[in-house]
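One chain, chain A, appears in both complexes that follow, with chain B as partner in the first and chain C in the second.
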Partner chain A sequence: MKSIRNKVCAAALALISALAGTGQAQQSSNDSIARELDTYRSMMKSDPWSNPGMLDVDRGQALWKTPEGPNNVSLEQCDLGLGPGKVDGAFATLPRYFTDADRVMDVEARVLWCMEKLQGFERVKLLTRPHPSAGMPVKDLGAIATFVAYRSNARSFSATFSHPKEKEALALGETLFFRRTGPMDFACSTCHGESGRRIRLQPLPFFSKAEEARKILGEWPAYRVSTAHVMTMQHRIYDCFWQMRLPEVELGSDISIALISYLVKQADGGEIKIPGMKR
Partner chain B sequence: MSARPRIRLPDSVSIGDVIEIKTLMAHPMETGTRRNTDGTLVSRLLLHTFEAKFRGREVFRAALHTGTAANPFISFFMKVPGPGEFEFTWVEDGGARTIERSALKVS
Partner chain C sequence: MSEGSRTRFVVLAYIAFAGASYAQQMEVTDEARIDAAMHAAFPKASPDWLSRLKGDQTMRACSKSRDALPAEVARAIAARESATIQYPPDGRLIGDWKKGERLAQSGYGLRFTDYPPTRENGGNCYACHQLTNEEVSYGTVGPSLLEYGKIRKFSEAEAKAAYDKIYNSHATFPCSLMPRFGTNGVLTIEQIKDLVALLMSPESPVNRP
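Take a look at the complex of A and B:
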């Protein structure tokens, strides 16, 4: 009896130590995967010239200057907040309140506004499937937004959020960020509420930590290797909402602008390095 | 509107320098093995050849295959014989060619 019990104990011990061994192997293999991924990311970033997102910066610039739409005018009179046609540094000051539209806008909402008001494009058409599917290039609106963002490179996020409507957007964004909702009871903070979290192998930024928020916000719009296109911040938010099983969020809606306002505020002072490069 | 290829040449070079030439080209590089959401096979559409000429003479050539990522970035090195013009050509399945020219200034 006793010897059987000893054998069972020994077997159990062996099993436990085997399991512990697996755990360690798992841990070190995770670390080595993380290291390899870091190598991969730094190789992709090492030469900004290898970033295909630059092709869309060029495309956006050409689109900005080319007369388009029913009115056949270019976007060169578009006011991004620093006066008509002033592109350099404009992205760094967004989101902001625009008197003409009487609302707070981020870069994409503002480009959408200019395409609608100056060029005469139909808003509904611009908002139908505004984001590219995998393998397809970013839509014109996104390319233009990428070009505008690129022209704030090496500057810092410096939106002031001083207007009452800007403060309102900020407060709404913060509330939405932490409010659990939808069938899965998810909030943005479920995934982005602490350091070191990840989905599969993608590390997720903790947005309440300025350092992490600055690094990430400064990289969007970014080129995604897996889908071979530039992804904008509105598209990123759209995808997060989809992942949270929430209703589709419209490009430039009050909700996405509020969230972007909150994120930009968290990243205040961070350097802009557009386009980023994602897996 | 599709993007023009991007070409990066060094700003100032001297005869005899070895320089890096960087090119970036927008292309889906469809492998022919991928299926649409409705299950139909997406037909192959690759850039199969990249060639670079300098002063009319071929200086670099690459064959591209299904393993090349979308929007291929290609860089190569050349010893500078003197001033002149590059001609870069990407050849797509079916024979469509994209040609981009760029002058190299030599001090």
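Take a look at the complex of A and C:
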């Protein structure tokens, strides 16, 4: 734990000194800032065990196996799409249609379903504050989803979107991606509709390009250095809607699952490398 | 490429490729279905926020065409959006560039964590635009605005054009990615004047690189 923190601190210090060194920056030095930022990012990624997100993979695994909730059962009989208890490779096939729930679900919606139906947790309580504040660890649901995703590492995104409801989710996701709403008139495509753009210094992936979608989708859930916790894809989309000046989107809503379906489809065939490491 | 030429290019590209690109798109066109899904997805939204879940006529046209409009629709949007622009009663469009610089830095306002408001809304210009050499943390979604006024010889007509673009970008560039700061009530007339000053004052750091 201590060595993880030390490595992260070293990387952060490298970034600060990189930025401080260019404090009186000229336009010509902007390229060097981009290079220093890349160095910072590659330092963070160079040793997978320096990623604090691994702690939540372990935590998620323990939670998966431990009897919990009013029914005092573990999640080991949870069906993630490949049959009860089958975790390896399941994330790579999501989102998918589940007959028992009669809807398309991503990993978080499915874990939520299992926590509710198997363990007896109240759905309302699980959805009240499903995402961590800055500096707080990812919630149990997110840690379990991170563990599930981790167990598809080195596999490729391969959701089929063959069921009519899967096709419907995909089509809705595509429509939503380009749909402009809110007081800022933003759509997802406002920021993610072109290659090589950035907000402040943060590069923005262009999700209609398979290469970029594969790289980014394969990194989520990811450890986010600035907020010091693992962030899940549902949380990432919740944050996008916050920035778009929309209200709080519910974890596992048809809207967020449709968007995730669209993104996963764009990333089809991309390698899963969980947990990623973000700014 | 300037935004103007980009818009023209996009319009032409749309005409050229409309048939081909449409065949690849999978869309849900039933607005009532989308509205129902949106309302269900934001159960914590208070009634006065529900309008945020649906774009107006202009945004629906931009979404549908993916910001690449047929020319006649573009003209209709420009006319409709121009009509929403309000000017200061005394006609003076240039405010205080120092206040403008602070507004350009601030992304505060209208997020669900910004209520009740503790300060004025920001314009967050640096999120997307380069403006000064002093600020190296700028985005590139929009064009660089470095030396904006100097390049335009600080003319009155250009100050009005800048005011219009900030108040309602679609009046100039239909389906621009930029928010309609005035029309949508994000910024006040006084704040927009301060941003015009940031762009158009000879003393502004934008014009003293």
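In this text, the second predicted complex is superposed on the first by the 252 of 279 C-alpha atoms of A that agree within 3 Å, B and C clash if a C-alpha of one lies under 4 Å from a C-alpha of the other, contacts with A are read in each partner's own complex, and residues count from 1 in each chain.
Quick note on the criterion: a residue touches a chain if its C-beta (ideal position, glycine included) is under 8 Å from a C-beta of that chain, and two chains touch if they have at least 3 such contacts.
Note that the structure is a prediction, hence the values are computed from the model and not measured.
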Partner chain in contact with A:C191 - chain B first, chain C second, else both or neither: second
Chain B versus chain C as contact partner of A:S50, first or second or both or neither: first
Which of chain B and chain C A:Q77 touches, first, second, both or neither: neither
Touching partner for A:G135 - first (chain B), second (chain C), both, neither: first
Partner chain(s) touched by A:P183 [first = chain B, second = chain C, both, neither]: second
Touched chain A residues, chain B compared with chain C: C
First, second, both or neither for A:T160, with chain B first and chain C second: neither
First (chain B), second (chain C), both or neither touched by A:R59: first
Touching partner for A:A228 - first (chain B), second (chain C), both, neither: first
Residues of chain A at both interfaces, chain B in one complex, chain C in the other: none
Chain A partner contacts - residues on chain B that touch it in the complex: 1-4, 6, 8, 22, 24-26, 28, 30, 69-71, 73, 75
Chain C residues touching chain A - in the complex, by the definition given at the top: 25-29, 34, 37-38, 40-46, 49, 52-55, 59, 62-63, 66-67, 110-113, 126-128, 133, 136-141, 146, 177, 179-180, 184-186, 209
In the complex, chain A residues that touch chain C: 22, 25-27, 29-30, 33, 167-168, 170-172, 174-176, 178-187, 189-191, 193, 196-202, 204, 242-243, 245-250, 253-256, 258
Touch list for chain A against partner chain B, complex: 47, 49-50, 52, 54-56, 58-59, 62-63, 66, 135, 137, 140, 225, 228
